[in-house]
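Each of the next two complexes has chain A plus one more chain, namely chain B in the first and chain C in the second.
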Partner chain A sequence: MGPVELLHMSVFSQSFSPCGRFLAAGNNYGEIAVFSLSAALSPDASQASQKPILNFTAHDGPVFSLLSTDTHLLSAGNGEISAWSWAELIKKSTKAAWTRKPSYETSLEIPEINAMIINPKDNSLIVGGGDNNIHIMDMETGIFKSVLKGHTDYIHCLCFKEREEEILSGGEDGAVRIWGHTEIPLSHFQTCSGMASQECARPQFGKWISCLATDSDWMLCGGGPSLSLWHLRSMSPTSVFPLPGCQREAVFYQDLIMSVGEGPHVSHCLHGGTVKAQIPCTPSSLNTLALNLKNTEHRVMTVGGSSHQIDVFTNFSYKAFSLSF
Partner chain B sequence: MSIKFFRIVQCAFWRMGSVTDDEVIRKRLLIDGDGAGDDRRINVLMKSFTKWCHSNFSPEEGFSQYQRMLTSLAQCEFSMGKTLLVYDMNLKEMENYEAIYADIERSITSAHEKIAECKKEIQRAKRIRKNRQEYDALARVIKQHPDRHETLKQLEALDRELQQLSHIKENVEDKLELRKKQFHVLLTTIQELQQTLENDEKMESDDTQESSMENGD
Partner chain C sequence: MSSDAVKKRKPKVIRNEEGTPETKRGRAEGEQDVLVYHEEVELEGRDPQQDYLLYKDTCAALAKLMAEIQELKSSGAKVGSVEMEERRRQCSVHFITLKKLNRLAHMRLKKGRDQTHEAKQRVDVLHLQLQNLLYEVMHLQKEINKCLEFKSQHEEIELVSEEEFFQEAPAEISRPHVTRDDHHQLTLARLDWELEQRKRLAEQYKMSLARKEKIHKAIEQKREYLSSLQPGLQNIMQASLPVQECLSMPFEQMQKQAEVARHLPPPLYVLLVQAAAYGQACDKTLSASISGDVDEAKALSRPPEDSQDDESDSDAEEEQQNTKRRRATVGVQLDDKRKEMLRRHPLSLCVDLKCKDGSVLHLFFYYLMNLNILTVKTKVSTTTDLSGAVSAGELLNSESLLNCLYASDHGQETPNPTNRYQFDKVGITTFADYVSDLGHPYVWVQKLGGLQFSSDSELMGSALSASHMERTMKLLQGRLQARLALHKQFSSLEHSIIPVSGECQHLFPAKVVSGLTRWTMMSYQEFTELGFVQHVLKAGLLRETDLFFMAVVERGTARLLAAVVVNPRYPEVMPLFSLSLHWKGERSGRTEDNLRAMESEVNVFRAELQGPRPGFQLLTNQIQRLCVCLDVYLEMESQVCDGSEGPKEFPREKMCLRTARGPSRLKPFKYNHPQGFFSHR
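Right, the complex of A and B next:
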């Protein structure tokens, strides 16, 4: 990988292994790199332990979304979803367990898949992408059960409310849709558009929603409009965060909200609407943030963006070191 | 001299059956303190005693030699007493250090426990802060809406207005009905009167026509 390619690399997605000791990251060249966290975090870590233990080309196009189940790593790029067994990846074998494509209406263009989430209750995979629809696939049989139609433009992000088993989806059309029990597609949904509320709207950036996160009753959404915290039962925005750029990913963590987006920093915000801290990091703009909460020893946060380096935070207040592709 | 003393000690240990004579010898050879002086003194004492016993001294010389031996014996006893005290002191120091060690161990474990407690406290405090912030956020939204009592009062006032207006409407409608009926009655009477008058006129004209026809006959 030459220096020019490294310069133009962007990391789009990350996922931690089920044991919490490995990190998989996908970039815009279609490669997935697996890093060993236990080697990088051990006291005698060296420059070599910050390189991936395995780097292989998974898709033709960029890897926009990575997701880990208990045994497999799912990666999605241009229209197809591949599954890799974590046990095989750790042993450095790069053979895919399976590759599937959702059924698209037109077979001419293959839309990209931007987001994937898992519904643990009925073991189904929910994907959303460029064809404005949400496809639901049963993990055991591999059959695409249903399609949720409703968005008028492509879908950026998906989120799952576990208590009520509802899917939230945000897209380029600026609408956040809530899908209920999907025995009948589109059984009931509500739309709350970020543009509708004047406090969040930022017309200079557009109305697209690129990040969604939910914490039972509360929802974070941001993108073109400012990042804002909504109370779902009353469908009203309660706080708007004064962050300058467009936020690409946000998560709830304990009593904080962490978000990344344009700008070389991770923002820590409080629910009240104040920005508590902005931690600087190496990429000039960030695309993805991942928290490793499964493993207490390697409890880290990793961020990746428009750089070939992925920053690792052991204490969430400062950057510890960087892994590089 | 010291080697002879060590051989004596070795014999003593052999009689006792101990196995660590090498250790003892090595240690004594290393500790080069008062040991050499004491050895020499004891040997000198033994030699002078045997010399004193076997030789023919004059009584004064014998006495002075005897005094010298007593002083040297007293010195040996003194040094032995000192060593015993030092040994006791070492034992007590060891006990002291053991006690301090145990103390430090206990404080380490209690510090560990306190750290765990504090971590739990932090988690609780974070949760509480999150709840307070959520509460504040919702309260801000709620405050934006008008007060419930006022809205209820407004609703009641509107209700009353509505009722009044419907009363008025009923009254007006009743009046309208009444007037309609009155006008109807009036018009029908007029029409009947017109009819009667027409009939009368017709009958009169019929009458005159009949009378003129009778006159013409």
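Right, the complex of A and C next:
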């Protein structure tokens, strides 16, 4: 990677290892880098410990999504999903455990996979991407069991409601669909057109939904429209967050909502709709935010975006240091 | 005393003393003079102790008589009484005895003194004799020592050792029967032998001298003969010149060059030899020649003692003259010292590199004697006229033409670390001030001359030069050709035409609506003040030696500013574009992901944009791709926003399967040939 390539690198996805001591990040060149958090967070950390312990090309397209199961790291490239054993990755072996491709109808252009989630109850992997459909794959057998169709434009984000086992998906067409156990959406609603007077609509940006998060009855969604908190049973927004850019990822954390998107900062918001803080960070716009909650020793938040550097926050109020590709 | 005694002879008083033998003796002597009385003779017989006792008795008797007289007187006796007279007569006798004793005492004293004096005299004489003898002994001792110490001259003559002497010398001289015993004879014999040998050798020497003279004369004669040949040979060489030209074997020229080359300083000589060798072997278009003042060079290479003497003499004279008139100021002296330190060797090397299109790169190499470095100046001569491109002014500027031929070889500072100390002495802070005068001291120039200042490799001299020659020459030619190509491209860019060559047409769609409206050059200062290039500055990808340009691409109301950084090593290093779009507000690559994707599209994909070797189409391809990307951006943009703004300014004409993809919703900037549609990377 020359300096010019580094200048034009974007980090799209992150995932922490099951033990919580390693971070995997994927970039737009199709590379996955594994960083050792324990080395970077140790008191005698140096410049070298902020570099990846392993850096390899996993796919020939950008890696838009990374997901960790208990033993494996799943990465999504151009229309394919590869699994890497974490134990092997830590030992610096870059052989994929398996690679699967969902069946696509068109063959002209291979659609990307933008989001992956796991349904722990029936051990299935749910992916959504550029072909406007959601594919569900059984993790044990590797067969794609079903396809959920309904979106009219490509899918940006997915999230899973554990209690009811429902899938929520948000797409470029501006719709958020809720899917149950059948292939027919339980309900769907548009955040913009149809409810044109919604406070969260921002027509100057567009109508796409690029981030979804859910916490039992509440749902966060944002993108073209402002980031807003919805009550699912009444299907109405309860608070709209006045964040200037388009948000790309948002999470619930304790009683805060943290979101990243356009603009070089991480926004901390309260459920009431106020923006509590905006923490500055290195990349000029952010794509991904990840919280390492599995490991109490290395409880950090990492964000990545349009830079080759990933900012690490040990105290969530300020940036501690940056890992770099 | 004896005369006194004679005088005191009193006929009345004839003493009849105890010493009758004396009287006898006196009488014996008195046969001659009967009346002479020698009291000294009497003296010898008397004992001083007895005389002393007599004296005491006499004094006692006298005292007694006096006492009796006193008694008598006091008892009233008459003065002339018989007892008193008796006693007075006795007193007188005692008085006479006392007088005699006194006389005897005196005579004894005198006798004692005389004896002492005599003895003393004798002792003095003896003492004097002793001194004389001692002095003589000392003198003789000294003489003996002198004789013993005497070094005869003969000891300074080196003689052959004794064994050799006995072996070599003939019997008459060595006389072993005599000399083996007698050391003195042996030495004499050896001296004789030495003398004979020396005489013989002197004879030989004279004969050799005479022979040598004869030979000298013979040599002189032959020399004269040879020098008489010289003009004849010159004529022959002159006559052969046309023949040489006919056969194109410039022996004469090469010989002349070799002759002058002998006076070149070593680094320039190495450079000349290696360049000529390379030219003969690999690249027939390379030619090397020497220019400069040969006589001055010869003057420099004269033996240093003479020239130093001359210089010191002349310095002394000059100093004297100066003090007579007016001392030069310190500044002028320092200036002179600086000039002396930066002095160039009078001979310089000129290497010409010809390119295929006929343009020539002239390189002039100079050697700075005191600093021991080589510098180079350049000149470009082209077959076509190169005026007309304002922005290309810097491209062929001889100051910066050869900048960074190898990475980070700026040629502003001297590569020789010892020069630092020399500069401190004369107060030169940076060499960069003198570079425009003296030429650039690039590291590759030093390597071509065989001068090695860093400890990178172990090669020195010709090996070093040979190992770098080919690569450097190729780089130089590449540099010239790249710059000339850029020059031509710039003149059409300034006329808003992007000159895309035929081989690269497949990279772009047939119809490109956005057009380049401006192409200007910028200075480093202006460039770094731009807001949207700060990320390049922070990443350390900008240097003062780079060339900076601003391109403006327009379509309709949209105006795209592209700030371009061109590294002097173009096209080895890709130019770097930074974008800022003015259309419904201002966006840059930092604020918007699609513009960042456009920058990436133009900056990163070298293999696609390079075009056919040697890759001179890189910049123009990049600019053309930028125009294509702007087209895509503007046309796709209108799709995303809903139609509440009225008619779209840029109708969609490009074919693509999807307008947005991925989390950042990027537009399809990649052009696929020959299908002609756009897709995402």
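Methods note: the second predicted complex is superposed on the first by the 310 of 325 C-alpha atoms of A that agree within 3 Å, B and C clash if a C-alpha of one lies under 4 Å from a C-alpha of the other, contacts with A are read in each partner's own complex, and residues count from 1 in each chain.
We take it that contacts are C-beta pairs under 8 Å (C-beta built on N, C-alpha and C of every residue); 3 or more make two chains touch, one makes a residue touch a chain.
Source: prediction; values computed, not measured.
Trainee: Consider chain A as the common anchor and indicate whether chain B and chain C clash or fit when overlaid.
Mentor: Fit.
Trainee: Would you sort A:Y104 into first (chain B), second (chain C), both or neither based on which partner it touches?
Mentor: A:Y104 contacts neither chain B nor chain C.
Trainee: Is A:F321 contacted by the first partner chain B, the second partner chain C, both or neither?
Mentor: The answer is neither, since A:F321 touches no partner chain.
Trainee: May I ask you to decide whether A:E5 touches chain B, chain C, both, or neither, giving the answer as first, second, both or neither?
Mentor: Touch status of A:E5: second partner only.
Trainee: A:S234 in the overlay: touching chain B, chain C, both, or neither? Say first, second, both or neither.
Mentor: In the superposition, A:S234 contacts chain B only.
Trainee: Just checking: does A:N114 make contact with chain B only, chain C only, both, or neither of them? Give me first, second, both or neither.
Mentor: After superposition on chain A, A:N114 lies in contact with chain C alone.
Trainee: If you stack the two complexes on chain A, which partner ends up touching A:E172: first (chain B), second (chain C), both, or neither?
Mentor: The answer is second: A:E172 touches chain C but not chain B.
Trainee: Quick one: chain B or chain C, who's touching more of chain A?
Mentor: Looking at chain B versus chain C, the one contacting more residues of chain A is C.
Trainee: Just to confirm the value: shortest Cα separation between chain B and chain C in the superposed three-chain model, in whole Å.
Mentor: Taking the overlay as described at the top, chain B lies 29 Å from chain C at its nearest C-alpha.
Trainee: Considering only the defined contacts, which chain A positions touch chain C in the complex?
Mentor: 3-8, 10, 12, 61-62, 64, 108-109, 112, 114, 130, 154, 156, 172, 203-204, 206-208, 210, 248, 262, 284-285, 287, 306
Trainee: What residues on chain C touch chain A, complex-wise?
Mentor: Interface residues on chain C, with respect to chain A: 535-536, 539-541, 574, 576, 590-591, 593, 596, 599-600, 603-604, 640-642, 644, 657-658, 660-665, 679-681.
Trainee: Quick one: in the complex, what on chain B touches chain A?
Mentor: So the residues of chain B in touch with chain A come to 123, 126-127, 129-130, 133-134, 136-138, 140-141.
Trainee: For chain A, which residues count as touching chain B in their complex?
Mentor: 218, 229, 231, 234, 236-239, 254-255, 270-273
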